[in-house]
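Below are the C-alpha cells for one structure; questions will follow.
Letters are used for the chains, namely A, B and C, taken in the order the chains are written, and counting of residues starts over at 1 for each.
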C-alpha cells in the first residue's frame, strides 16, 4: 500500500456578511413582508416627491396658515383634519415626508462618511493614529448619543441643517468602530500585503483596496440606521430642538398637537405620529430584509 | 488575568474617559457665546456686579486652572446654580435624579424579566407563522416613537377608560394627606419602607404608563437580539456536539446555550440604559414627571447652561458606570474576555 | 474484528427542502459495518457523507429529514426511535467527534464541567469518582497534567489538545461506536498522524468501532479496513481498502486516487476530475457520475447502474463492470 498523505486543507472560510445583488432581488421577491415594506417605501418616496401635486392644499402643506379652518376634525375635505393654524394635516404630513427622508439620509451619510474615513485610517495606519482616533471615539461613545445630539442642538440655532449635524456628530463613533474593525481585517489580507510589498503608496491602498471591501457591511449598517435616524430626529423635534415652525416636520407636529390632545382634538398629534411610526417601521423592515440576505441564519450543512 | 484585574483595568480606563468627558464639556461651555455671569444675573446687572460674579466664579483665571477647578468641583457635586430655579443644582438633582432612576430601573428590570425568556422561547419554537408575527410585533415595538406611544396610552387609559392617572408621580390628595418620607427618593421603595401603602399604590398607578411606554423599545430589542443570538448558537458545533452526547434539548437550551446567548444581550443593555435615560426625557415631558429629563429640557428652553452641563455630566457618569458593570458581568460569564493570552498547548 | 454487524444501513434517503426545490442529499445507500472495524466514508464536500454520519445519530440538521430506509444498530432501527430513546443512545452507545475541535467545545465552560457533565448525564459516575474518571480518561489520551486541565477553558488549549479533549468527551460514556466527522481536516500533518494512531489504538485496545468520514484518501489508506466512496448522495464503490486501492474500478474513485500527488510520478501533470459537483435538485437520471466520467457510455445516462459485486470484498455501481466482467480497465 502506498503512502497517500495529503495536507489537510482547513474547511472553515470566513463568513463575511456579503450582499449579492442577485440574491437580494430574489429574497425580496420571495419574502412577503420584505416585499410589502419595499412597496410601502416606494409609496412614501412618491408621496414625498409628488407632495405638492397630491394635495389640494399645497400652500398649507408648506406652512401657510388658514386660521378660519382651525382644528377641524377629519372629514371628506380634510382627510386628516386641520391643525391649530387651520392647515390641512394630510398636506402637512405629505410635505413632512420630504423632511424626514432627506434628513435621515443626510444624517446617516454624514455619520457614515466621518466615521468611515476616521475608522479606516485608524484601522489601516494603526499605531499612534489608531490610538488617538480611538481615544477620541471612546470619549464620544461615553455620551449617550441622543444626549450628545441634544447638547449640540441646544447650542446651535434650531434648523434642519443643525439638527442633521447634531445627530450626525453624535453617531459617527459607531461607524468609526465598525470601519476600523473592518479595515484591520482587510489590511491583513494577502492582496493588500502584496500591494504593500510592491510599494504602492498608502493612500492608494486605502482607496483602491480597503475602502471598496470595507464599504459593504458599513452600507448595510447605514441602511439599518435610516429608521433610527428618523426616530432620533423626531425626538429632537418633539423636544423643540429640531426643525422650527412653520416647516412641516412630523416630530414638531406631534409637539404642537400635544396641547390639543386631551381637549378632544386628537388628530393633530396622532396622525403625524402614525406617519412617523409607519415610515420608521417600513425602513426597519427593509433593513431587516437586507440583514437576512447578507447574514443568512438558516445554514445548510454539507 | 482574572476577573478582578479586569475590573480594575476597566475602572482605570473609565477614569480616563470621565476626564475626557469633563474636558469636552468644559471646552464646549467655554466656547459658548454669552457670559455665564451676566446670564445668571440677568440683563439689568451693572458691569461691576458682573465683574464681581466673574471673579467669584473664577472665570478670569487661566484655562488650565479653571479646568482643574471645574473637575474638582464637579466631582464634589458642585455644579453651580440653576439660573431658573435659583437653587443649587445639586439640590435639585437630589429630587430629580431618583425620579428618573425609578423610571429607568423599573423599565430595565421589566425588559430583562420579560424580554429574555420570550426571546429564548422564540428561538426554541420556530414555526413559520410564529416567526412572521413575532417579527412584525418586535419591529413595531422598535419603530414606534416613544412619545407617540405615550400619547396613545394617555388617550386610551386616561381619557377613554379612566383607569390610570394622567401625569405626575402622585396624586394631589396623596401628596397632601399621605406624604412619603424621603429616604432614597424612589417612591416605591420609600413608601414600602415606611409602610405607607396608600401612597405606594398611588405611586404604582402613576408609574404604570410611563414605565410601560419606556419599556416597549428595550423589550422589543431584547427579544429580537436574544432570539437571533440563540438561533445562531443553537446551530453552533458545540451545541450539536452536546446533542450528540445525549443531553436533552431542554438542558441544552437553559444550561448551555443560554449562557452563550445572553452575552450579546448584555452588551446591548448598556446602550439600552442610555436609551432609557433619554427616552425618559421625552416621557417626563409627557407625563409631567419631575425628573432629570424635564429638568434638562427646561434648562435648554431657558439657556440654563450650568444645569445643562450638570445633568449631562451626571447622566454620562451613570452611563459610564453602567457600561463598566455590564463589561464586568460579561467578563464574569465569558472567560475569553478576561483571559489574555492562550495558555500553553 | 468480529463478525457481528454493528451498523447496517438500508436504502437510506435524506432530503433537504430548499427554496429552489428539494435537494436529495442521500439517495438510497446501503452499507454494513462490522464491530471493531474502522470504516471509511469517502467523498468530496457535498456528497452526503457528513449528513449520513449525522443521520445515524438521528441528528440530521433541520430542515433536512430522513425520507426512507433503515439504520440498524445491533439490529434495531434507529430511524424509528423516539427522541428520548435516541438521547439514551447518544454519547452512551454511539458518540461523535467533530472536524473543528475548537468549535465543538463550549467556550464558556471549563473542560472539567463539560467532561463531567456528560458523565453525570449518563450516570457513569458521581461525586469524587467523577473527577477521578475524568482525569483517567484524559491521561489515557496523553493529555498532560489532566488535574489542572479540569479548570481550564477551551480557548486556552492548543488545537491538538482540544482535539484530545473532544475525544475524551466522546469516550467518557464508553461508547461502542464513534463517528468521526473529518477529524483530520483542520489539523496539521503531525497532529493528524497522532490522531490516527490514537484512533487505531482505541479500536485495538477497546474494541470501539470507528466510522471515519473524510475526503482524504491518504487517511483512509492509513487506518481504515473497509470503505465506501460517496458521490452525489450515492455509493459508487464499496469494499476492503486493500481491494479498492489495488484494483480500483469505479471511474470516480480512480479519479480521486489519480488526483493525489504521488512522488512516483514526479513531473507529470496532476490528473483532475473535470467539472464540479452539481446539486441534486431532482432525482438523478441514470448514473450519478455520468456528467464527469471519462468512460461515459450511452447507457450510463439512461438508468442507474446496479451495485455489482466483483468479488466478496468489492462492490461497485458502474456499467463498465456489468455482471462482474470488466469492459475496460
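The rule is simple: a contact is a pair of C-beta atoms (placed from the backbone, for glycine too) under 8 Å apart; a residue touches a chain by one contact, two chains touch by 3 or more.
It should be emphasised that the depicted structure is a prediction, and the values quoted were computed from it without experimental measurement.
A.B. asks: Farthest chain from chain A, going by mean C-alpha coordinates, please.
C.D. replies: C
A.B. asks: For which pair of chains is the number of C-beta contacts greatest?
C.D. replies: Counting C-beta pairs in contact per chain pair, the top pair is A-B.
A.B. asks: Starting from the mean Cα coordinates of chain B and chain C, work out the distance between those two points in Å.
C.D. replies: 53
A.B. asks: For chain A and chain C, what's the span in angstrom between their mean Cα positions?
C.D. replies: 48
A.B. asks: Can you give the whole-Å distance between the Cα centres of chain A and chain B?
C.D. replies: The answer is 23 Å.
A.B. asks: Among the residues of chain B, which ones contact at least 2 other chains?
C.D. replies: 235
A.B. asks: Where in chain C do residues touch two or more other chains at once?
C.D. replies: Residues 61, 100.
A.B. asks: Within the complex, which stretch of chain B touches chain A?
C.D. replies: 13, 17-18, 20-21, 24, 28, 32, 132, 135-136, 139-140, 142-148, 151-152, 154-155, 159, 166, 228, 231-232, 235, 274-275, 277-278, 281-282, 285-286, 296-297, 300-301, 308, 312, 315-316, 319-320, 323
A.B. asks: Quick check on the complex: what are the chain C residues that touch chain B?
C.D. replies: Counting only chain C, the residues touching chain B are 57, 59, 61, 83, 87-92, 95-96, 98, 100, 103-109, 117-118, 121-122, 152-153, 155-161, 166, 169-170, 173.
A.B. asks: For chain A, which residues count as touching chain B in their complex?
C.D. replies: Result: residues 33, 135, 138-139, 142-147, 150-151, 154-155, 227, 231, 234-235, 238-241, 251, 254, 258, 261-262, 266, 269-270, 273-274, 276-277, 280-281, 283-285, 288, 297, 299 of chain A touch chain B.
A.B. asks: In the complex of these two chains, what residues of chain B are touching chain C?
C.D. replies: Touching chain C from chain B are residues 235-238, 240-249, 251, 256, 259-260, 333-336, 339, 342-345.
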